[in-house]
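What follows is chain A paired twice: with chain B in the first complex and chain C in the second.
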Partner chain A sequence: MSRGRTSVLSGAAFVGNRSLWLASVVGGMTMTLVHIVRAMIPPRFDWREFMRNMYKVGVKSYLVIIVVACFTGAIMVVQSATYMSKIHANHMIGWGAGLTIFSELGPLMIGLIFSGRVGANNTAELGTMVVTEQVHALRSLAIDPVEYLVVPRFLSMVIMMTVLTVLGDLFAMIGGAITAQVMLGCDWREFLASLLDAQLLGEFVVGLCKACLFGFTIAVVSCYYGLSVRGGARGVGRAVNNAVVASAIGIFAVDYLATLLCVEFGWL
Partner chain B sequence: MSDKPQTPNLLEEETSTHHTVQDGRLISFIRDMGRATTDGVGGVVRFFNLCSHTMSSILRGRIMWRRVASEMYEVGNRSLIFIVVTLSFLSMVMIYQTATQMSRIYPDFSMLGAGYIEMMVKLFGPTLTALMIATRVGTGIAAEIGSMVVTEQVDALKMSNTDPVEYLVVPRFIACIIMVPMLAIVGTMVGIFAGMITADVGFDVNPIGFWDLQLVGENDIIVGLCKAFSCGVAIPMISAQAGLEAKGGSEGVGWATTRAIVSCTLAIVVIDLVWGIIGVKLL
Partner chain C sequence: MQRCGLAADWLPAWRRILTPTVSLEGIRHSFGGAPVLDGISFSVHPGEVLGIVGPGGCGKSLLLKIIAGLVRPQEGSVHVLGEDILALESLDMVHVRSKMGMLFQNYALFDFLTVGENAGFPLLQAPENKGKDKKKMVMGRVSELLKKLGLGGTERLYPNELSGGMRKRVGLARATIHEPELILYDDPSAGLDPVTSSKIFGLIDAIHDATASTEIIVSHDVDRMHAVCDRFLLLHKGNIHFEGTLKEAEEHRDDPVVHAFFFREQASSEPTGMASPPPVPQ
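Now for the complex of A and B:
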């Protein structure tokens, strides 16, 4: 009897612990967001730090984005090739690849690689600053760490995620066109013509809005985990791991909500 | 990818401008190219050294089964909820978009299930599961091994005559090889069922009509499983290599983790494309 009761109690304790943990994480992220917004409302952030972050986030990661985007376009064409050649619809390949990549797969893949390259990096950097007490040093110099460190990163991640998605979409189409030419013998001009005929501006814009939201999610999550690091090198590693996992869940959830909203309003 | 800590990077830029003034553009360009080449080749050589070391340990039967079991629990069971959540979200999005597009052109959902299940088995199931495992497990491996390296626990292992590769890398490698294909199967099934429910609720597609396997051949299943298996080989090796190369304190661990996930993502995308081409051309 007592054994049954302890197992019930430990189950309840488990549920309670998990909900407390979830509440603290969600609350912490919300508070980070509130701090960021409060520091931005009259815009008080360091312009030079902002430009440095724009360079670091955008210019230093565009090569990875281009490579991943090219491969994504190639994969989409390769996978739809069997189906398209079965129904003799080679002129539809550009349309099919463009549709999937602009509205869904482009922002998603670029968001995931962005969260790995930039989000993880950001968490590691902020975490190192916390562990080596550089954030405390800023505070003791009467500099608000959110204004000086977090806001420029947040802004540059949101802006650069959107811009890099435009670049990624372009290179995904180039990768798809090359693959269609090499593997299927479908002329690249035909590929581009079918892409342009399809008039995918709506999908493209929806994809960019999604990318902007992904950048927002990644920025908030990575800054929260970076600022809440505890305990040396091990803590930094664990924080990066948690940040990447939470960003992935956030990206998928935001993606679902955005798609639902778009379908509801008939934008897609 | 210039995955170096920031402070040394700044110093390096300063010295290189200094050299530009001293010996001209061309020489410094050649020096930079040479350094990049030796770094790249050295990284590849060290990676294959690690792979051959792991393989020889496995072939000589030096496997710590107790650690393999605990790593399998860590890789498999503890990633399950994450995989289920992410793949069900993704499949709901995919169904919503495909069905909306289809209803705009020609509102006939009879082929929705067949096409969706084929894409899920061949493409999205294995690839996205592998990406999610790289996110959760790959960064975990890099962070753990990296923090052991910078706190000199790996040196301590060497001093007590334990091979760090046998103790740290081999169990994780075997665990990933076994668990990644299994999780890919689970992820694919979750994706199909979540898509089925979404199609039923959102677009009134009969679940029995949705479960249509006419487009799924043996080749698709083989290609999907091969993709998952190759990713299961690549993820632990790349992450372990990134972790073992961590240098410096907490900053080094952060960099190792970032490098692990970026390289894993690239490797997964390349594996995906290679198996896709093999599937189209040969099978």
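Now for the complex of A and C:
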């Protein structure tokens, strides 16, 4: 009886504890977003810091995005080729690859790579700045850390995630076209024609909107975990780990909601 | 009603002199239920250099962070440069902080900026210094200051390319380049060799002579603080154990805590056979 009561109590304590933790994380992220929005109205961020972040986030990430995108395109063609050749619909491979990559797979894959590369780096950088008192130093010099550090990172992540998705979509199609030519003997011009005939502009735009939302999610999550680091190097490691996991969950949740919304409004 | 010329000129100046630059009243702060600061009250007057000493973990650095507005005390009031900083909105706090400079224990230099950009940061961020020509002027001033601090030619290097002493001096440049009214030094000689420590304290003294700013120095290096500080505050067990000049400390020589902090060196240099200095009571 007593043991049963104890286990019920410890179960309740666990649920209560987890609920409090979840509330504090969601509340912390919301407050980070509120601070970011407040610091952007009127826009008063450091232009140089913004450009530095655009370079770091975009230029230093494009190679990995291109490689991943090429493989994604190639995988899509390899997967669909088996069925397409069975129904003699090789001329539709371009359409199939474009449809899945533009609206779903492109932004999703690039978002996950982006969160692992840029988001994790951002959390580690901000976390180290907190641990080494650089954030305190900024505040002591009358500079708002959110305005100086977070807003340029947030903007560059949202912008660059969208730009990198355009680049990724392009290279996924190139990877797909090359694979179609090599594996199926489908001429690249035929691949391109089926892609253009399908008129996938709507899917492409929806994919870019999703990419923008993913960039937004990764930026808020990584900045929140970076600024809330406690306890030295171990704390930084833990924050990076949490940021990557939370970003991945966030990306899938946002993707689900966005897809649901698009289907509801007939945009897909 | 208009005041006559002389009174109009002198009254605000006198008010400024009479109002303490920093005034703390009943500061209490604890971590995890353990009190670190337990009702600390003191004030620092314009142009004064106050030295805060005490055993490790007694809350010296915490006190500086409270004055800088980086930590909010659980109880008490903090007036800095005539403002009640605990009641200020963040925008008004920016105004107070712009008249303040702080040297951090672990330098806290921005590792993504060069030495020159670090040293000139407070000026480069000021809205009135935006624009290429102004930036050039600021960087000229930075070069001059770095040369004075023995760091000439390091402007384009990054902090990780410098030694500990050099980083400390860059931190010193950053804390003082905008000629603040109040400068806070958190353990300026921490982790430095005796020669570099003496140099840092010499520079602090020179900066005070040149600017007459109010300064608060937290350090364990009591010997070097003697030459710079006008007055001392000895923190012990969350309270102010002693407050006064070195001369006044002489009168409390029998107090083991005061003795351990202010006269230990002298006692140990006395001939052998003399009583050894008492340990700091815990």
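Simple rule for what comes next: the second predicted complex is superposed on the first by the 268 of 268 C-alpha atoms of A that agree within 3 Å, B and C clash if a C-alpha of one lies under 4 Å from a C-alpha of the other, contacts with A are read in each partner's own complex, and residues count from 1 in each chain.
Assume contacts are C-beta pairs under 8 Å (C-beta built on N, C-alpha and C of every residue); 3 or more make two chains touch, one makes a residue touch a chain.
Please read these numbers as outputs of a predicted model, since none were measured by experiment.
Aligning the two structures on chain A places chain B and chain C side by side, free of any clash. In the superposition on chain A, contact is made by A:141 with chain C only, not with chain B. Contacts of A:64 after superposition on the shared chain: chain B is touched, whereas chain C is not. Once the two complexes are laid on top of each other via chain A, the angle at chain A between chain B and chain C, using C-alpha centres, comes to 100°, given in steps of 10. In the superposed pair of complexes, A:74 makes contact with chain B only, with no contact to chain C. Look at A:190: by the touch rule set out above, it reaches neither chain B nor chain C. Once the two complexes are overlaid on the shared chain, A:132 sits against chain B and chain C alike.
Between chain B and chain C, more residues of chain A are touched by B.
Minimum Cα-Cα distance between chain B and chain C in the superposed model: 6 Å. Chain A residues 132 lie at the interface with chain B in one structure and with chain C in the other.
For chain B in complex with chain A, the touching residues are 1-2, 6, 82, 85-86, 89-90, 92-94, 96-97, 100-101, 115, 119, 122-123, 127, 131-132, 135-136, 139-140, 142-144, 146-147, 150-151, 249-258, 261-262, 265-266, 269-270, 272-273, 276-277, 280. Looking at the complex, you find that chain C touches chain A at residues 65, 68-70, 90, 93-95, 97-98, 100-102, 104-106, 108-112, 121-122, 125, 174, 184.
The residues of chain A lying in touch with chain B in their complex are 60, 63-64, 67-68, 71-72, 74-75, 78-79, 81-83, 99, 103-104, 108-109, 112-113, 116-117, 120-121, 123-125, 127-128, 131-132, 183, 232-238, 240-241, 244-245, 248-249, 252-253, 255-256, 259-260, 263, 268. Against chain C, the residues of chain A that register as touching in their complex are 46, 52, 132-134, 136-144, 148.
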